[in-house]
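The structures come next, written out as structure tokens.
Presented sequentially are two complexes of subunit A, the first with subunit B as partner and the second with subunit C.
For the complex of A and B:
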């Protein structure tokens, strides 16, 4: 899993040297920025059900045709799966906040998603709408600090871009 | 390879939950500078630590440098010093990452079998690692023994903490113990 620390260790190992002072400085920089990420991860982790539910409701509201017979949100089973998918994205974003990189989203969310959605005939615009809703829903300092919100929004943007 | 953060994520993903317990990671962040100082203490003193550990190992078992011993001739002694440095290097990576996966995957995996095939005595190797463990603890605490180090004494001069970084010393010790148990 790619993070600042593993990247530093990988390059030091490739060169066969001990961690240098510049290696340690880049890890220190990452650690200093980590407090905001942890705050965002904590808030998101604690409220993931509500966040995912709101985002899901928002995308169904924007694309009501999904409720029609035969569409992706037509039955209770499908509804549960749609909701689960949104929650899945939010969970991966929480992982990214913990790790401090986009590794979890890249490896477990984005890689192969295009093929899966095409094979299952799922539309991506509702996903984009759900994530965009979450993107614009967070408010500093009401929900979390400004820095934490920036980290959170950046990852949502990343996920949105990967889908569009 | 994982670090403390990605380890938490991989563990949480196995049960499809969010990372709920962030307290360990928060203390990792809060004590980040201690960890970096500890890695720096090992990296800056590495060559001294390795040569002293190998010298100590040989002092206790002179047969190693007699004809037929595993540190005779120089070619084998050099290989021994090189291996000591490699082990210490991977321990420093593990300490930096806060996770033993890099040590396990890239250093210890198959090491015992390799040494068995090459006829490297495990007891001597373990002894050298034990010496490095004691040295690492002394350097991380920044309390290297003046009586034993003599004119080679080197203090890092890092800010002193109340408990002398006891948690980091214990963590570093656990990586040395991991090497020892992998070899024996």
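For the complex of A and C:
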């Protein structure tokens, strides 16, 4: 899995060189933010069910499932995706906080998802709605420190940007 | 095209256009991403007004995230609308700094279609540019038959990302008729990465590699991906006279619909005997390879007393999780747990929510496993489903209980696969034509 550290070492090795000063600066930056990331990861991990449910509820509220009579393929409005997907993306965001890079989202959440959603004509606005809600819901210092919130929100933005 | 979700937003064309044209600063108090939903939903309104609104959205280059995603979606929607008039605007996005906007532009060009060599060469040159979505670029070059792109595609056949290598290998087969590398793609159906497994199915479909049907059937990915792949290959292959329904399609469709883990070629294994709690948790994984291994282990090692335990977790977890829900329906059938009859009918076979579609055919099979008169009476409702997999599974379940009293209601079914299956079951000499061609499926006898 890619992280800032593995990326720096892999590209240095590919070129047969030592990591450059800018490589080391990026690693240093990642390490300096590690405490904030770990705080966010711990808080998110401890509240994953509540966070995912709130986000899920927000997207269902936005796109309510109307009880039209009928079967799949024929009724007009449905909730699009369920709690499962939201929780999955939240878990990947937590992994990214631990890793200090977007590798888990890139490799397990985004790479093939965009193609699958497009091929199956699955709607992406519910994801955007749920993840946007989570981004706007977090509050410092009530939920976590300002630095930890910044790290968390950056990954939510990354997920919104990559899935949309 | 699957349009299960096409009306979920409940927006009219005028509303979509109005939201899309609303300045972002006027939407600060409006929760959610209305402009994004509007850009998505305009795909349902093929009109000049829609196209013009989408073009205006693309020309709005405000760099904020909430606008970037609208812009990108507008590019995709123009592709869905196959808007030839928007091609120059879409082409202009090939030079965008945002790689996802470029990806959507490439995809839309593939949907709109073009034989303009300059545009195709511009798309091909993106393969030389770092950090692009190479898989989509390769697909579009193959789809539009751009043979000069082969040399650039060739460089991706050994890519470390197997899904990109898979696209390259199959696209070369499509562009050059050299199909010697397709077995490598078949091997990706057993890759450790779930996306490599899922996406290689699409590539094998694109390459019309009919010989891959057995390997697709056994790949440890969700039943939805396998059924879609086999069905698309069957539609093309039977229609073209290259596949025999009875010999090449039906045995594998039957296996995939039945979806017994023993028919899956697993890529995972346990290094120690897992606990019951762990196995139940594995049913909710997003990698179905892990789900199938758990399902198999549950049935082999924990069968005694399993049904009440599964039911106890149902309300808590499976009810909201379409993956777990599907597997629970299967378990309840295999365990022949009669107290679950009502639940299998109401929340399985008759579940109206589109993401629970596969639970419907799992429920049909489960009712066949129960085999009681009440179960069989409910099961027959499955023959009225608009979803072919549900009807197919219902026929299989009714066969299992030896009830053919309602089979003939499907004799004029619009779906050739259902007619072919019915003909096989009833053993008559009728012939069946596919929907997309007049070719007779001689094997459907």
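Definition applied: the second predicted complex is superposed on the first by the 126 of 164 C-alpha atoms of A that agree within 3 Å, B and C clash if a C-alpha of one lies under 4 Å from a C-alpha of the other, contacts with A are read in each partner's own complex, and residues count from 1 in each chain.
By our rule, contacts are C-beta pairs under 8 Å (C-beta built on N, C-alpha and C of every residue); 3 or more make two chains touch, one makes a residue touch a chain.
These numbers come from a predicted model, not from an experiment.
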First, second, both or neither for A:129, with subunit B first and subunit C second: second
Touched partner set for A:160, first subunit B, second subunit C, both or neither: second
Touching partner for A:3 - first (subunit B), second (subunit C), both, neither: first
First (subunit B), second (subunit C), both or neither touched by A:31: first
Touching partner for A:100 - first (subunit B), second (subunit C), both, neither: first
Subunit B versus subunit C as contact partner of A:62, first or second or both or neither: second
Contacts of A:118 with subunit B and subunit C, given as first, second, both or neither: second
Partner chain in contact with A:144 - subunit B first, subunit C second, else both or neither: neither
Subunit A positions touched by subunit B in one structure and by subunit C in the second: 108
Residues on subunit B engaged by subunit A in the complex (per definition of touch): 1-3, 5-6, 8-10, 12-13, 16-20, 22, 25-26, 28-29, 32-33, 36, 39-40, 42-43, 46, 89, 92-93, 96-98, 102, 106
Complex interface listing, subunit C residues touching subunit A: 1-10, 31-33, 36-37, 40, 65, 68-69, 72-73, 76, 100, 103, 107, 133, 135-136, 161, 163, 193-195, 198-199, 202, 284, 286, 320-324, 352-357, 360, 385-387
Subunit A to subunit C touching residues, read off their complex: 62-63, 65, 67, 70-84, 88, 107-108, 111-112, 114-116, 118-125, 128-129, 132-133, 157, 160-162, 164
Residue ranges of subunit A touching subunit B (in the complex, touch as defined): 1, 3, 5-6, 8-10, 12-13, 16-21, 23-24, 27-28, 31-32, 34-35, 38, 41-42, 44-45, 48, 91, 94-95, 98-100, 103-104, 108
